[in-house]
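Pasting the structures here.
In the two complexes that follow, chain A is the common piece, with chain B as its partner first and chain C second.
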Partner chain A sequence: MGLEMQHGGKTHATLATEAIAEEEGRYVYCVADAGEKMSLGKIGIAGHEVHTIPHKDICAVVHDCLAQPYQSDDQEVIKTWAMTHQKVVETAWERWGTVLPLSFDTIIRGEAEKSAEQNVKDWLGQKYQELKRRIDKVSGKTEYGVQIFWNPKAIAQNLAQTSPKIKSLEEEIKTKPKGLAYMYRQRLENLVKHEMESKADEYVTIFYNRIRKQVDDIRVEKAKKAENDLQMILNLTCLVYKDKYIELGEALDRINQMEGFSVRFTGPWPPYGFV
Partner chain B sequence: MEPTPNSHATLVDLLDRVLDKGLVIQADIIISLAGVPLIGVNLRAALAGMETMLEYGVMKDWDERTRSWENEQRKKKVEPICTTQIAR
Partner chain C sequence: MVVDIDEKNLKHGVLGLVIALVEIIRDALNLQAIRRMDGGSLTEEEIERLGQALMELDTAIEEIKQEQGIIESVKSVRDGLDEIVDDVLDRMINPEKWRQEAEQWV
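Let's turn to the complex of A and B:
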């Protein structure tokens, strides 16, 4: 696949012959709630063997690599890496129940007097309390993504029928001569814009509060570009107790059924947003 | 409503999580990319946020407002405000 070449231009074969501590690293996928030392097989990025480095009752899930970041200009290559990263995290998640996923491309390196493996162990040791606290926080819970969209055209049309301000301005326009009407149209446009902004605020607050009740923790993410003439008005990452996602789904149903609104509900995800 | 499981339909959500979230280790034993990481520069552009969708001129600041509002709520640690029913 040529993916090996992306890794600093060195291949796995040269990795073995250049086993100098400073040049080796451990790519860390996640920290798992288990003190086991074992191999998960060749499921890692570029087919690397994934194994665990334990400390007490937790372990880091890693593969052996060079002390160089994975980087590429090729989107497809990055996508493949990211998907593999997620696959490994998911495998560990299924196996051990609770994991703290790490961000892509986290590599712990070796030093002249200390191997990369030892550095991972020491890191687990130094951060043990903090890692355990984070594990406790996400234990028994799952992450879900909730994105709420509205159709601006449908909402604007609806506003035109319901907003007294817009209605009266429209009535006024009808009575104006053509030249003046143009100016009034501009005024109307601004008014619609303004009313839509306050509508968005209003709905966002209502939706947020409804969803907040169904989840253990919640993060408001940046709204993303949407397709099909829709606008994303709320982008949430939710941490949910195992079976509570059903109630969350019901709350989302009510929003999804509202005219002009739609909801995307994704998951379950390992708790990337709550570590 | 059933959640859509992690699949091709959720590739963007996956990349969003794997590339931008997850635990970040702050330590000098971590290999880091100097400056702007090469990784996913285009990808990040493809995942661009609200800024790109402001052609409508609608909702310029609400996104920021919502997020800062949430931060405030978080600080205050108050129970969420009661919701009101929306007329359909």
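Let's turn to the complex of A and C:
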């Protein structure tokens, strides 16, 4: 429908040198819950001026650019761009409270008959209902990251003291000759691993249910690699009502105080994970 | 998985890879040994011999890793493999992933 969203990786083929409407684009950072037309200053990628394009009571937060995706072979450059993108979204979010962040390198371009500016307006118009619905979903809520770690060594030690099976096997090993002791220790390690896995499952379910009660929406992310001696057993992104934040913090605090467990609580963020 | 291939690192890289594979075979042997032991098909004496042999293998692997300074490189190979296996399994047992991937190509 004459509207094209470009994401990084796809290149625009036009090579003409004149600055015609087709080559013009608007880099879109997010859609905000406000109908204002205004400038946010030169805070955009590569120092571009960021401004809004309103439609009814919502607006797109954009900067003017060429209809080409931002690309670079330099990882550092891309990182800086992505961070600037995030900064702009955060600025808009602090200002208007509710935003729908778009992914990095979303560019709406102009056409021969229509300016990029107009295309953005049309896009807001066409998608108005859906955008409004999504804004309503995240309105008054913020995103938090919740990561729960445990210290496998501490937990294993605890298990060794509480599990009669493990305890008796450990006693047995002490009385055996070298080779046998080695084999029994392998068996012991397997047993501990097994018990730890079922313990992890048990705790994950308990924690998940506790946290679920305090949040509006929840997403389970893939647990990341261990850091130091800690192992991540649960990685969540939560959408939280602004006034529910304290309860969530308290629930997490209780988990954090359990021996061998620790919690990382990050945020508040714009609702990247729920739009 | 990152295996640096410049000349200085080549030896370390290859050696790290080899030792990582030896470790994986060792782990498989260990599992088999435990299975047989638990299955009751081995005499006490056989278990003792098996245990000693595996223990010596362990010691030898540790020594090589120390001497050659490849502890990190072995670890990175194994972590890399873990990640690949993890990824494949996740894709197989997680229908949500199929949907996401299918949507990507629409």
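The definition used in the following text is that the second predicted complex is superposed on the first by the 253 of 275 C-alpha atoms of A that agree within 3 Å, B and C clash if a C-alpha of one lies under 4 Å from a C-alpha of the other, contacts with A are read in each partner's own complex, and residues count from 1 in each chain.
Here is the rule we use: contacts are C-beta pairs under 8 Å (C-beta built on N, C-alpha and C of every residue); 3 or more make two chains touch, one makes a residue touch a chain.
Note that the structure is a prediction, hence the values are computed from the model and not measured.
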Look at A:Arg187 in the shared chain and tell me whether it touches chain B only, chain C only, both, or neither; answer first, second, both or neither.
second
Is A:Lys225 touching the first partner chain B, the second partner chain C, both, or neither of them?
both
Quick one: is A:Asp57 in contact with chain B, with chain C, with both, or with neither? Answer first, second, both or neither.
neither
By the touch definition at the top of the document, which applies to A:Glu94: first (chain B), second (chain C), both, or neither?
neither
Per the contact definition in the header, classify A:Gly179: touching chain B only (first), chain C only (second), both, or neither.
second
Chain A residues where the chain B and chain C footprints coincide 222, 225
Show which residues of chain C lie in contact with chain A when the two form their complex.
30, 33-34, 37-38, 44, 47-55, 79, 90
Looking at the complex, which residues from chain A come into contact with chain B?
25, 28, 30-31, 67-73, 75, 78-79, 82-83, 85-86, 90, 100-109, 111, 119, 123, 134, 144-145, 152, 193, 196-197, 200-201, 203-206, 208-210, 212-213, 220, 222-226, 231-234, 245, 249-250, 252-253, 256, 258-259, 263-269, 272-273, 275
Within the complex, which stretch of chain B touches chain A?
1-6, 10-15, 17-25, 27, 29-33, 37-43, 46-50, 52-53, 56-60, 62-63, 65-67, 69-70, 80-84, 86, 88
Contact set on chain A toward chain C in their complex
177-183, 186-187, 190, 222, 225
